[in-house]
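The following blocks contain the structures, represented as structure tokens.
After this come two complexes, each holding chain A, first together with chain B and then together with chain C.
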Partner chain A sequence: MAAVEIAGYKGRTFIAADAVRWGAVFGFAALCFIAGDKHPWLAAYPDSWVVPVADWVNHGMDWFVERFRDGFKMLSALLGMPMHLLQRLLQWLPWPAVLGVFAIVSHRAGGWRLAAFTTGALLYTLLVGYWSEAMNTLALVGVSVPLSVALGFGLGLMGFRWPRFERPLQGMLDLMQTVPAFAYLIPILLLFGFGPVVGLVASIIYAAPPMVKNTMLGLRSVPEELVESGLMSGCSKRQLFWNVEFPAALRQIMVGVNQTTMAALSMVIIAAIIGGFNDIGWEVLMTMRKAQFGQSLLSGLVIVLLAMILDRISWGLAFQDSGPSSRSRRRRYGYPAAALAAVLLSLGIVALIPEIRTAPETWITSPADLLNDWVNFVLREYAAVIEGIKNAVLFYGMMPFRIGLSQSITPFTWGIEMSAEVVAVYLALVGAAAVWCYRRFGWRGIVPVAIFGAVLFYGTTGIPWPAFMAVIALLAFEAGGLSVMALALASMAFILITGLWNEAMLSVYLSGLAVLICCVVGGALGIWAAHSDRVSSILRPINDALQTMPQFALLIPVLMFFQVGELTALIAILIYAIVPAIRYTEHGLRTVPSHVVEAARQVGCTRRQMLWEVKLPLAMPVIMLGLNQTIMYALAMLVIAALVGTRDLGQAIYIALGKADAGMGFVAGLSVALVAIVADRIIQAWSRKRRAALGLAAS
Partner chain B sequence: MPTKNSSSISSTGGGVKLACHNLWKVYGPSPEQFFPGRQGGVPEAGPCARDIRAADHIPAVANVSFDVRQGEIFVVMGLSGSGKSTLIRCLSRLIDPTAGGVYLDGDNLLDLDERRLIEVRRHKIGMVFQNFGLLPHLTVLENVAFPLKVQGVTEARRHKRAMEVIELVGLGGRENAFPAELSGGQQQRVGIARSLAVEPELWLLDEPFSALDPLIRRQMQDEFVRLQKLLNKTIVFITHDFLEALKIADRIAIMRDGEIVQIGAPAEIVLKPADQYVAEFTEDVPLTRVIKAADLMESPCADLVPCDGTHPDTTLEDLLPRFAHHETAVAVTDGLGAVVGQVTARSVIRALAENATQRHR
Partner chain C sequence: MSSLKTLYSHAAGIAVAFGLGASLSGSAQAADLGAVDEPIRLAMVEWTGARITTEIAGNVLERMGYEVEYVTAGNYPQFTALADGSLHATLEVWTNNAGELYPKLKEAGKIVDIGPLGLETREGWMYPVHMKSICPGLPDWKALKDCANQLATAETFPNGRILSYPADWGTRSVDMIKGLDIPFEALPAGSEGALVAELKAAVQTEKPLVMMFWAPHWVLAEVDVEWVDLPKYEPACTEDPSWGPNPNAVNDCGVSPPLVNKAAWTGFEKKWPAAWEFLKNFQMDAKEQEKLMLRIDQQGEDLEAATTAWVEENKAVWEPWVKAAM
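Take a look at the complex of A and B:
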């Protein structure tokens, strides 16, 4: 390619080995493009070569289900029992009792402010008429969280105790956290049959990893000296654990409980897609399907409020439960007593005035129709504007990335023909960019320009698979050596031979575009926030809210205005995945060692120089970890976005879920996980290398 | 033998309480290879630290031997990375040594199984840590009572005993505070109290005052000396501060790269450093505060006036004014007033001069 020629033309006497490698890979890629016309198997992996892994999985699954159906039926009944019990209890309790208990627990966790917030949120739920649905959701969460916490704690403890067990466990956790939520549901569905127990089991499994991780982290970061002092005090192993290690790790473990609670809620909502429990997630989904956006917005808000309540309460309990204040009598006996009093009092009131129990029915003043009218009004009045935005983004932004400029420039979209002149202009622009990057960064600067130029011209889906694999493999090799390269190659090979390459490329396109925008916009916001406390304090609660919100609820407002389609998916992914980009950029910039900043200021750096020459290079490892998170978030949301109509791996999983096709669900779900894991390994390896080179401590 | 001077006799007598014989702790992929023969035994021709290093292993503790007598303060001094922390952990088996023996009252600790080791830790050994190692979720009282709690002592009894030691270390009144509410010095007092709660016979202190401010550190050293006068424990004390070692030690062992370079009384180390490495530590030491009458003592002349004699522990600093007032010899008397020797102006000058020439060599 042009890039390599320029490097050669400069006539360097010494060309580094990695420059040769990139040259070879680009040469190979160019060959694939050229030969693609004659050998169609290069451009698209032939269907006849697909290995029917999905069918094998289905056969295996059938055999397994056949064999163990009775066992799982029993387990299902066993798990269903406490769930239905809790559901009945929550439904039977009059609303003032539930409200009172929640307010009291909130006060314990976060004082009057949180108590007020909880009360307000539950009153809202009551008044818009979703009380019973919310209670059903709480019943699911209430059963799944303790089980998930127990499971996670047990596994974490095992990982801590037996180092040999740790590596496989860590691998399993990585997989569990990257396999999309929908994909979990399919095998569970087959094993447990339709019904709410599926959601329960899925959320128990899905929510356990953060608990495992935090348990191990907490136990492992107990100071060595503390353990030694425990040993020297004469502790036996068991005493050491319960008296020294566990209390010292408790805070971190409680962080795990918090994260597990949030994950469980999020999965319970997602699992609503299976139906059968009449919970709040189901309500949102139904109204979304019926395009009753007013209703879905109102019920979506209930989910958000529930998430915030659970988050704040579990967080508050985590960070209050140690230290002097937790010892007071009031905390030990006062709160349970108050809660009991609240329940008894409301039961008494209901006994005296039975109307209270049902009264809210008459109070409900759902503004849903009003909202619907308003949305319709906006859609009608500004139809042209919305349509214009949609088309502009599609034609000029999204399509070039998907099918490439070579196909998206047509008189219909861009108003011009894709002529030889246009190609020449494009090549000239790419060449200019390459030269500029070469001047500034050396030959390495040319690599991204060449990749970007090729992707933009041929589109993500237009790249021959061997070329794509070669570039990614070399990237992996440069970042993390042979092992990461082997992982990348094996993952891509799996996706290829199972026949999901095209879907995977569509996923890469959609999430890649989203990540790109997140990096630019989120990075800019992060830089701004790092330099302005005010911006930072404005962004923080927004980020918090976006992160606690179940992914599901994010779709609603976007869907309202942009209807079903790729653009809606993109925007939803953007909103969800931008948070880590902002956070890590700000954190990275703010934690640049102050003596370096002082030294730079002393030698006379301007603000711009300070940012580009000093702070950003030093913050880059942290920012790259943010990029990593952004990719994970984007992929997670990508799958959820299948609900609003995409054509990628997420959709394949969603369809598999609808057909209860375990094989397809497994293959597609694993493919998403592999994409995530490969991206994660490459970035982590790079970040680690960079951090070591900069002499920064690992964080 | 790395130990160049082990003949020194401590001033406080008594039998051997703790003995450490040819102790090794080697880190690396397969440390056992250097110690063929039976588990834990050291072969006749022991391995050499240099060979071990050449084989990419790290000898953190290399062939360390010493005896600590009943009631003695034995200080191990070394820079960071010299292996002193590993050594003290080998003594209590927080780290299992690769080879050698640790004998407490003649019993080899390395032969103990898990259960008996716990028993020894519960009743015989107390340990103080550099960063205190306090349990953050327990109050001062509960922290101090913790070793008794794990033994199964009833709450009333353990709290009573804990209060006694809390009073002893001067923290009375703060027993219901949490560690985070205390200053560093106070926290270490809690650590000391906890290690004393079970009335251990052997007291291990791992850089107990290193994390404290200089002023507090000095105060704590004085406090420590006061406590030891009261309790008379057998002590192994780790420090990287040479002056601290001089101040509190009966005997000092100087460690370097896992080996003991010299063992001796403070004055001996200062006056006769075994090598250049040790001499560098002694360079800034105010000699007059280290050298004591006992170190300069000669046999008494017949015409010595026994009255107005001085104690063997008197430092040179306190003796010098007397020579300034044209006394040529001062009698050294024991506690009962019997003359045991004399110190002459000449011997004082000789000691100082010897030291000066040694330094300028």
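Take a look at the complex of A and C:
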């Protein structure tokens, strides 16, 4: 609030120009609404104007595949080789050997606690009967993670060394992370041929970006003095890098490794959709197809546990405190020797008792069935309550946003007819809000009220496209100037002329609503966790699980409770996108410098003031990064949400997949990415501006 | 052109079978086993019915002396694999839900059909039995007209809701609603899992539900359903508006039972002539498949064990197919 006043004061001479711009845009929008009845092309972009970009892409794709297929097939064989070798090895080793080696490595990385965790997790995998599938998954991840890390590190280094390379790199990374993998599965399949290599390539594309970003960030934040002292002591360029810069940046780089590992494991399901590899993702896929909640949760848990093991081990190995020399000798020779002994011992045991070699196929069905029964129980007992919740959320929350109050107020939903009186009441309410905001914030306060008022009345899908484009363009301009506006306009134009406007609007509606809820609920949970260690320690494993658990597994009960439809889709997005909102809010609040907090306390801040006036503003940069990630996650989930029945861009991608229409998939996938990137750029620019206004250093 | 090609390759196959078979076993119709030392890779797709079909065929192929490898494969991606020879055959292709890769590759001559599987199928609108008290006129489709209100939801009001196939499987329900002129809206389910989850939930809560579905399907062994009686499909229904109950529209009828085919890599016949002949003869009975589905999905029996036992017990069914091939 203070910021707005300051900005308003400073920009007094520009107020007129600003106000005129908003006035013009609103006038134009109003004109579009009025003229929409007479000129239907304003309300809906005509099909006959659609530019067949998808067809062009398909032609280009055919040409490319025809020409380069052999090269890619060779590459495919090359990539497949280490994976198949690793698969053979892991399958050949009896399970006690693998378990032993993992336990020993875990002990080396994190002591007895980690060793116990790893052993427990692997025993679980064994007991639920997914050992051999889990080994196949490990073979896939065991190749995709090192490749992603190497590729990401190389690209990050290039971005660090040659700043000119950075901008195009950043754009590419954003695309790699936001274009849903389903959109490029068909091209990869055609180029690389059927098999697990397709999943490998897809997971490298998706998992490499965090490595690149963290490598650049880490290397860039190496203190100047450190580099200088290295130069003074006569380091060569190579020495400087490996002995000074790299160790100093290692912590941040390891964050990248961690994120890459998680991302690679979340792609296991994608790899399974292609097939050719009987891995854990395939098992999950089958249970999902049967809508067996318990079973899919138990098998999905194997993926979660594998992710946790790999994550904790890589983290531990990177940040060992180097102990005294006697211990380090044990480390150097003792661990490999123990690992070797474990392998030999298990091979010996297997030679004596061959039955042990084959992992047991037993399947613990009792916990799975118990979970299923529990879901059924809730479903039967609370059917009326669930129905009530569903209808309330749909009638009063979601439908107004989608089709607007103008269409969602009916006797069936709200119990009243949409009469002239109701419109008058609504207009009066909006008017009152506008007046209040004007008094409080000046004319700028009217802008959000007008936008919200129109969206709520006509719905996201009921806004004429020229009006929507004009408002977004001006928002982009206000936030980040001409360059952001140009990006926003170009992106919207692409979506429009490729004929995906309606789908994109549905996506904006669904993910926008989800992001809004994530900010409120996730933000609140993050604040709570930042102030209570107990809450924090409860939330952390839940967050880990939400991120790596195959999402559809969690959706089965949601589907059973709320049926196919947009509410289920919204919940699907929420449970995934809320994680960064929680994590970054907590992290941001916890890293507020303690001396600032102390100073504020001495000045006599109340708890409330401390949070709103001191901690939250200072944590804003981190929270904004969380918002960025929340948006990215929400849009990434559109594809999964399509599995519970949506009609947005995510569904368009599935339809393209079914038709093997690479062009259509590309266009729809790129549209998702563009929505994400535009939203991100506008919000980032706006937050930079605000931070500057608050006098916080831009970081 | 493609059919010419198949015809030609058939002729060649029979010629080969004739020459070599005659010298080996003396039987006029017999085919050579071919490359027994190289494994035949069969596509193992994700639904239980197809897995049963594949395991049974594979089991018999092994008894014939072949080496068989089962490779997991997605329903759409498997066809690229068949085209480049990294998979050799797939035994349960539902032509109503095979994506567009299958017809495209077939037309381009990159995969070949081995013929119908003989699985009696059914597709159409169905409902859990408790619907009868909600909409008493069922199973007659005309009853739906008066039940739109009971089936209406927030998203479809004032129309009734029919849960339809995922959007990427086509738009048959939408066409039928239009053709029959009933006040309904088809809501795409998004995935098979979503269809099944909703069916299970509707049975638990006795909520109203009408949905597009197909048989044989394992879930039909678990829940009691009935099918909506729709005007029987005829080709004229989709071409001639005057056909059927609605004189002004096409598609005013049910769905033709989907065809289920077997498909293979183009080099299959040459490489394993006897296996090819066997797969051509190989048929799957829907009742038998359903029985096995029940045992595997509901009673938790192991897929391999159950199918092996079936092959053991049903020699009379498959031995003639093998005899005709070898």
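Methods note: the second predicted complex is superposed on the first by the 576 of 699 C-alpha atoms of A that agree within 3 Å, B and C clash if a C-alpha of one lies under 4 Å from a C-alpha of the other, contacts with A are read in each partner's own complex, and residues count from 1 in each chain.
Here, contacts are C-beta pairs under 8 Å (C-beta built on N, C-alpha and C of every residue); 3 or more make two chains touch, one makes a residue touch a chain.
Only a predicted model underlies this, so the values are computations on that prediction, with no experimental measurement involved.
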Clash or fit: chain B and chain C on chain A?
-> fit
Look at A:A248 in the shared chain and tell me whether it touches chain B only, chain C only, both, or neither; answer first, second, both or neither.
-> first
Partner touching more residues of chain A, whether chain B or chain C | C
Should A:I389 be classified as contacting the first partner (chain B), the second (chain C), both, or neither?
-> neither
Looking at the overlay, what does A:G276 touch: chain B (first), chain C (second), both, or neither?
-> second
Once the shared chain is lined up, is A:Q563 touching chain B (first), chain C (second), both, or neither of them?
-> second
Taking the CA centre of chain A as vertex, the centres of chain B and chain C subtend an angle, in steps of 10 degrees, of 150
Would you check which partner chain A:G234 touches, where first means chain B only, second means chain C only, and both and neither mean what they say?
-> first
Check the residue A:T413 against both partner chains and state whether it touches chain B (first), chain C (second), both, or neither.
-> second
Minimum Cα separation, chain C to chain B, after superposition on A (Å) = 48
Across the two complexes, find the residues of chain A that touch chain B and also touch chain C.
-> none
For chain A, which residues count as touching chain C in their complex?
-> 185, 189-190, 193-195, 198, 272-278, 282, 285-286, 288-291, 361, 363, 365, 376, 379-380, 383, 390-391, 394-395, 399, 410, 412-413, 552, 556, 559-561, 563-566, 642-647, 651, 654-655, 657-661
Contacts from chain C onto chain A in the complex sit at residues 43-48, 71-74, 76-78, 80-81, 84, 86-87, 99-101, 104, 152-155, 157-158, 163, 166-169, 187-194, 196-198, 200-201, 204-205, 207, 218-219, 297, 300, 302
Listed in rising order, the residues of chain A that touch chain B in the complex are 223, 225-226, 228-236, 239, 243-244, 247-248, 250, 322-324
Chain A touches which residues of chain B in the complex?
-> 89, 92, 94, 118-119, 121-123, 125-127, 129-137, 146-147, 149-151, 178, 180-181, 191, 194-195, 198, 204
